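Alright, structures below, take your time with them.
One chain, subunit A, appears in both complexes that follow, with subunit B as partner in the first and subunit C in the second.
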Partner chain A sequence: MSNIAKLQKVGDSTFGRIEKINSELLTMTYGSLVTQLLRDFEDTDAVNKQLEKMGHKIGVRLIEEYMAKSNPSAGSCKEFKDTAEAIAKVGFKMFLGFNAQVTSWNQEQTQFSLVFQENPLNDFVELPERLKTEGLFYSNLLCGVIRGALEMVQMRVECIFVKCPLRGDDVSEIKVTLIDYLKEIVLEDE
Partner chain B sequence: MVVYSLYILSKAGGKIFNRDYGKYKDENQVPPYRKPEGNEYLILGSTFHSLHVISSQISPIKGGGGMELLEADTFKLYCYQSPTETKFFLLADAQQQNLDQLARTIYELYADYVMKNPFYEMEMPIHCDLFLVNVEKKIDEINNKKTTN
Partner chain C sequence: MRAQFRVSNKLLPSITTLDANNNTTSSIVAPSSPGKQPLVDILDVPIKTKPKEVSMSAFSFLFSGIVQYYQERLTHGADLEQKLSDLGYSVGFRINEIILYREKNPQRKNRVIPMLQFISNTVWTMLFGKNASSLEQSTDSINRYMIYENQPIECGFISIPKNLSGLQCSYFTAGIIKGILTASEFPADVKVFPSQNKESTVFIVDFDYDVIDREELWK
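Let's look at the complex of A and B:
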């Protein structure tokens, strides 16, 4: 428990230190990105996939900022459990401005869920019924970011959006599953 | 007291950046030591990488992170390895202090000006002017401060 509190502190202090931009600007930019993708691909699944891919590219770069600007000693993760809390309390705070809760661990401790109420990307957005039924996960980019970032620190994970308030759920939930630890990492060429 | 050079190595061990600082950054100034030429920088880069790999392999304690500091009579070789296994090597005067802080600052600059540059390709040599300028500013600051003493 104290570890979580410590991470929370790291997240808060890092958040206070780094440069910020207007969240509406981000929301609008992201909105136009998603709608453009929907126009270009005309297929919701392809858009989900594309968002994830873009996120991955962001993640492999963003991890450097995470490591450079959050306090490294408090940020070192020995177990996957620490990683989960570090993402929820430091990563989310640094880059999105809020904390997520880590829940639903499986027995082997290789799978957890990140649950959060706020999501600046969702602001002002109402999904049309068609996209809801076709299964668009509007913020699927976040999944890619997590996957990309962890890949750079030798963890291969799978991230799936399971709940999204835009589709009528009460919270957002991202399920993260650890596949394996990488020894030698070769960058995926996508 | 002077910081002489900076090398950045990708996680595969490729040299993606190197630069000389201090008054010998000027090509026409002949330094008192033998300045590497052309490909020798590449060789130095991969030698540093191998040194680092070997040092972490001979660590008697499991999970050793590899060497951080090599001290000689006349100079210091400091290495910072980020958790993503990018390595920053600094060559400095033997009396130079706080190389760890400098390396962290350079890592922050790297995160800002290299990783956030959309036209920088991962694992490729760094040709980002903003990064160059900012690192140089930081290192010049240190070098100038010391020489006025």
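Let's look at the complex of A and C:
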């Protein structure tokens, strides 16, 4: 589809323009953060929730940078399909430097999966057995970021991590489900 | 405390563990479920010679998320500095390994000045893309050295309210420096101060007196 190719070009050119740093600084910082959260909470579910919450706050501000830096000449997203491709090809490329694929659409076109092989947050990471069985989603921050960013463009979604290479799968997979479109609330002036 | 060493043997998909009594136990690493690949041992994953790049805003967003998380949980400003320094400490420990791995002629630094030059040049370039602004030795005390930095990377997008000193975020970099020094057997304490002319940030490195005594032996 030419739309995907166009979005890919937008993503690549945006990534070429923005200021970049060594991915290892990001990797190590994120790793230290997750380690600290595990010490603070000691409960894997609480850590997952906290990562998602932090990601949500980041996503709320990240969408502005996304809109500002990526050239919106690719057109605004008319359908949820366009949103999905924009996240995968432009969003992920702009911030993390890699492309993701959109797969597994459901019948009503309200649920899709983002699949990606490489994830800079996962570099050099190995989870101990206990955390694997307890269900820690190491990169859960990404789910929160997607949820927060889409909330700012009037879409309420739910993001869950389905597969993670740190737990033995071959790819990472995030399932995104559209719940509803938010109506803009205009406060009435007195 | 039981010490565990993991040895990866490419011929056999198994993990051999040695405990403190030198008893070996081994277990076979099996795929966690049918349809999934067997877990690749992290020690076998090759390290890329050229690191990947991500956008600086990704790091800035993550850092701001971290600072917000700590600010919600802590009441004193000084605690925030300590927490950021601790975070940087574990980053520094790990960065030390990978930088040394990538260096063309890796040499173990025994003396203080080459070690600090390593930090202000090689480490700074790897993390921030440029060298530190300058490195000086203090005339007041024998164990004190200063690293100057004109534009700390992590504070680029942070605006400070008037009641805070504004240096807390540089404590993350201070923690990285401390982690690298400690991992290389130069135990030190690293603090952040505004410089005399208020334009750049100073990282004050106070080495433990053991390090200074060791320096004296070399002379």
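The criterion applied here is as follows: the second predicted complex is superposed on the first by the 183 of 190 C-alpha atoms of A that agree within 3 Å, B and C clash if a C-alpha of one lies under 4 Å from a C-alpha of the other, contacts with A are read in each partner's own complex, and residues count from 1 in each chain.
Note that a contact is a pair of C-beta atoms (placed from the backbone, for glycine too) under 8 Å apart; a residue touches a chain by one contact, two chains touch by 3 or more.
These figures come from a predicted structure and were not determined experimentally.
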Subunit B versus subunit C as contact partner of A:Thr35, first or second or both or neither: second
Touching partner for A:Leu26 - first (subunit B), second (subunit C), both, neither: second
Touching partner for A:Pro120 - first (subunit B), second (subunit C), both, neither: second
Which of subunit B and subunit C A:Arg156 touches, first, second, both or neither: neither
First (subunit B), second (subunit C), both or neither touched by A:Lys49: neither
Contacts of A:Ile63 with subunit B and subunit C, given as first, second, both or neither: first
Subunit A residues touched by each partner, larger count belonging to subunit B or subunit C: C
Residues of subunit A contacting subunit B in one complex and subunit C in the other: 61-62, 65
Of all residues in subunit A, those that touch subunit C in their complex: 15, 18-26, 28-33, 35-36, 40, 50, 54-55, 57-58, 61-62, 65, 94-97, 118, 120, 124-126, 132, 141, 167-170
Subunit A contact footprint on subunit B (complex, rising order): 11, 82-84, 86, 104, 107-108, 110-112, 115-116, 122-123
Residue ranges of subunit C touching subunit A (in the complex, touch as defined): 31-33, 36-37, 39, 42, 51-59, 61-66, 68-69, 73, 83, 86-88, 90-91, 94-95, 98, 126-129, 153
Residue numbers on subunit A that touch subunit B, as the complex places them: 60-65, 67-69, 72, 76, 152-153, 185, 187
